[in-house]
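All chains are identified by letter, namely A, B, C and D, in their written order; residue positions are counted from 1 within each chain.
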Amino acid sequence: MIGLWSVPLLFALPLALGILSLLVTPAWRPRLIFVGLPLLTLASVDVLARLVLEGPRIYELGGWEAPLGINLVVDGLAVGMILMTTLVASLCALYARVYLRDYPASSSFFWPLLWLLWAGMNGIWLAEDIFNLYVGLEVMGLAAVGMVALRATPQALAAAMRYLLAALLGSLAYLLGVALLYATYGTLSMAGLQEAAAPNATTHVALALIILGLLLKTALFPLHAWLPPAHGGALTPVSALLSALVIKGSFYILMRIWLVLGPEVTPIFTAQLLGVLGAGAVFYGGWMAWRQHHLKQLVAYSTVAQIGYLFLFFPLVTGTGPEAARLAWDGTLMMLVAHALAKAALFLSAGNLILAVGSTQISHLVGISRFRPMSLFSFGLAGVSLMGLPPSGGFTGKWLLLHSAILSDQWWWLIVLFLGGLLSAAYIFKVFRMSFREGPQIDRSITPPLTLDVTALILASASILIGLTAHLPLFWLRLGSAFGAG
Amino acid sequence: MSGALVFAWSGVLLFGLGLFGFIAHRHLLRRLLAFNIMGSGSFLVLVGLAQDGRGVDPVPHAMVITGIVVAVASTALALVVFRRWYRASGRTDLPEDT
Amino acid sequence: MSLRLVSAALLCVAVTVALAWAVLDRPLPEENLPDRVAAAMPESGVDHPVTAVLLNFRSYDTLLEIAVLLLAVVVALALREAQPDQPEAMGLDNPLLRAVMAWLLPLILIVAGFLLWAGSYQPGGAFQAGSVLAAAGVLLRLAGVTTAWLDNATLMRAGLALGLLTFLGVGLLVMIPGAPFLTYPLEYAGTLILVIELTLTLSIGLTLISLFRLTPPYADDPDEAREQAGKTP
Amino acid sequence: MPWLDLLLGLTLVVTAGLALAARDLFRAVVMFIVFGLLMALAWVRLHAPDIALAEAAIGAGLTGVLLLDTLGYLRRPFGSRVDKPGKHQ
């Protein structure tokens, strides 16, 4: 009975909290997290426990079976994303409660937006219906745009507008793809589509539209232009949420739809093309990150680069053997989760460093290592995972991808993995070199509240820990997928 | 050619036309017009194609009503951001950097 | 011809051609959803198929869609708080318009009520009725009628939240006997849908009115606002 | 051949083209509202009266009002102090 409750609560609870936070006075809005976070954690853990004990299942909303009604899918992948969201968003919320005290004009509406964003994301993770995914994408996307606009400075408004236009164009392309699929197969349920999928022109065009729309929303190079101003310019907890979680939403949908329609229906060159774009993102994003002068812009471009690795999934899983495909699945998901944890940690600790020196310029970080070792330690720990050094989650992910590439005789992706790591090392060490340099500029620093440092440190440690204990989460993530639980 | 298919074809043309406008224009208000025209185009494709040769289907009708509400919410949000942007910068387009 | 125009033209042609190909080469689906809808109609609690899909078979979509609508208002509220407006002068003070309004308003309310009630067995429903309500609100503002209750922020927000809260509440309440979220018991389905629609109409109407009202008003001088923004970077 | 549908479909495309190509912004918005009303007709022809109502009320009506209101805001008399590119047109 409780299992029935926890699944809908994952989106109903944040929706309800979103409305409640509009109704209470501004002073009470942040306090709602003390109700919301424990309940959402409880629901997420309950869903995981049930997955492990009872196996994956389908939840029929309204008691209507798909394709008439909308179903939710509670498999390993969905539950993994839900837990990741709960962990990262909870820590970002705790961080924001303290951080936003300096931004009274923007802070009171951060909270309703956070809850609605959370509802949208959990809706996406659970969705099994492609039109429902469209509505979920809009909830998540518009909440994210609202968060970017929160500061209402001209820069923030321009970044929000750019982001909004990209998001709207992406959703429309996706919607048109859904329209074509419905006309061809008469169903919106992924299970139904998987059964009926056939290679014909309509499916190809629909898939192309869906892929293009989602690439724009995921900001894959060369469609990334909206990302750096939006992620780099937003309030720090917002940057962390957007970079760690929101872009994963559209990637997740792409992955699901690819596995439903892709392997049988798409020509193999599409998969290779996606891989090549991913490689382009790794190189371009890494290069641009290294060239930035502002700390958060550097971190934002690092996201552009890290998105690229996720797209190696497509060439490694399409038309390769079962073992290579399984490794690609494991590796991509490990990269995804590790990036979520590491990038949130990186943005939060970057925010702490900026608070400490009172400047966003990397060159003003000179000498900060003496004053803020803890912030810098979190930054470095997260950096280890982004660079892919052992024993981090980033390392495990790359290692699995590397094995998959070798097994499927696609050695060229090794170059991407290797050079990408070097580029990440270059931009991470750029920050470190500055912080350890002794200079006359700095003789004092502002001490940020302890909560800010602790939340960043927890996330950074998690990005390392996930690499050490990769076996179990990867086993759970495979439950109910085509890659077996073996 | 059924009536439904005619409208699906107009939907295709509207989507293409809107896409051109969305990219070619710089004025944000015009880009929002283009976005709405693209939206209408995809709604027509959705209903027109689903009903071609098969009669009335209430499911796409409901989807389009949902879509129209989502479109108006997006447009309203965009206009709010646009008006604040205009108020802060005096510009009706986005600066050409990147 | 700028690069932007050329790329726009190329993309437009490519997408149109691809779409044309997709439309021409389309097989007919094997699944027949309309038949399933028709077969399930007796269990839906309403007589109009579109309403049944919107508020019963696919009610979860509608729930999320209301959240999208609410989001637009939240962003509008947030931006107004961060970029405060000057108080607005009332609309056009036109006695003729006022006289017309006095006639028109009851008519609009009747139309909204009819649309809502009609939704259960013929075209109409919460969205249409809500937007008619919103039209009344917009006309009121244009006519310069003082609407104190619309300016009452607490009341307004409660109204905005009512629809979504009721929807969520009903969805969770029906789970008590052990059914999944949003599963209406057959004997109450019609009533529950009507209650949801009634509150949604009010909230949708208020949402749309707020979207109209929360933008920077005419009275506010952009030049002055920019100058002030320039002073406090 | 359904001539009425063909004519309506064609008019839709032409109106959309006019809305996108109009020099004057006000004209563009008015054309867009006309487009929305024609869309409502198209929905009637597609046996979708629910969408027709929603389109007329929300698509054409409300979006139109919001756009016109924004246009009014853009057209406010400006002081001579601000003269940045891209302000009009």
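Some points to look at:
The rule is short, and it goes like this: a residue touches a chain if its C-beta (ideal position, glycine included) is under 8 Å from a C-beta of that chain, and two chains touch if they have at least 3 such contacts.
What you see is a predicted model; the values in this text were computed from it and never measured.
Looking at which of C-D and B-D shares more C-beta pairs in contact, the answer is the pair B-D. Spacing of chain C relative to chain D, judged by their CA centroids, is 19 angstrom. Chain centres here are Cα means. That of chain B falls 11 Å from that of chain D. Mean C-alpha position of chain A lies 27 Å from that of chain B.
Residues of chain D in contact with at least two other chains: 50, 54, 58, 62, 66, 70, 73, 82. In chain C, the positions touching at least two other chains are 19, 23, 26, 32-33, 37, 50, 58, 61, 65, 68, 71-72, 75, 79, 83, 127, 208, 211, 215-216, 222, 226, 229. Annotation for chain B: residues 9, 13, 15, 17, 20, 22, 45, 49, 56, 59, 61, 63, 65-66, 68-70, 72-74, 76-77, 79, 81-84, 86, 88-90 touch two or more other chains. Touching chain pairs in this entry, ordered by label, are A-B, A-C, B-C, B-D, C-D. Only residues 4-5, 7-9, 11-13, 15-16, 19-20, 23, 26, 28, 32-34, 37, 49-50, 52-54, 58, 61-62, 65, 68-69, 71-72, 75-76, 79, 83, 127, 208, 211, 214-216, 220, 222, 225-226, 229 of chain C touch chain B when the two sit together in their complex. Those residues of chain A that touch chain B in the complex are listed here as 131, 135, 138, 142, 145-146, 149, 152-154, 157-158, 160-162, 164-165, 168-169, 172, 175-176, 178-180, 182-183, 186, 188, 225. Taken in their complex, chain B has these residues touching chain A: 15, 22, 28, 31, 35, 38-39, 41-42, 45-46, 49-50, 52, 59-60, 63, 66-67, 70, 73-74, 77-78, 81-82, 84-85, 88-89, 94-95, 98. Across the interface of their complex, chain B is touched by residues 1-2, 5-6, 9-10, 12-13, 16-17, 19-20, 25, 28-29, 32, 35-36, 39, 42-43, 45-48, 50-51, 54-55, 58-59, 62-63, 66-67, 70-71, 73-74, 82, 84-89 of chain D. Taken in their complex, chain C has these residues touching chain A: 18-19, 21-27, 29-33, 36-37, 40, 56-61, 63-65, 67-68, 70-72, 74-75, 77-79, 81-83, 157-158, 160-161, 164-165, 168, 171-172, 175, 178-184, 229.
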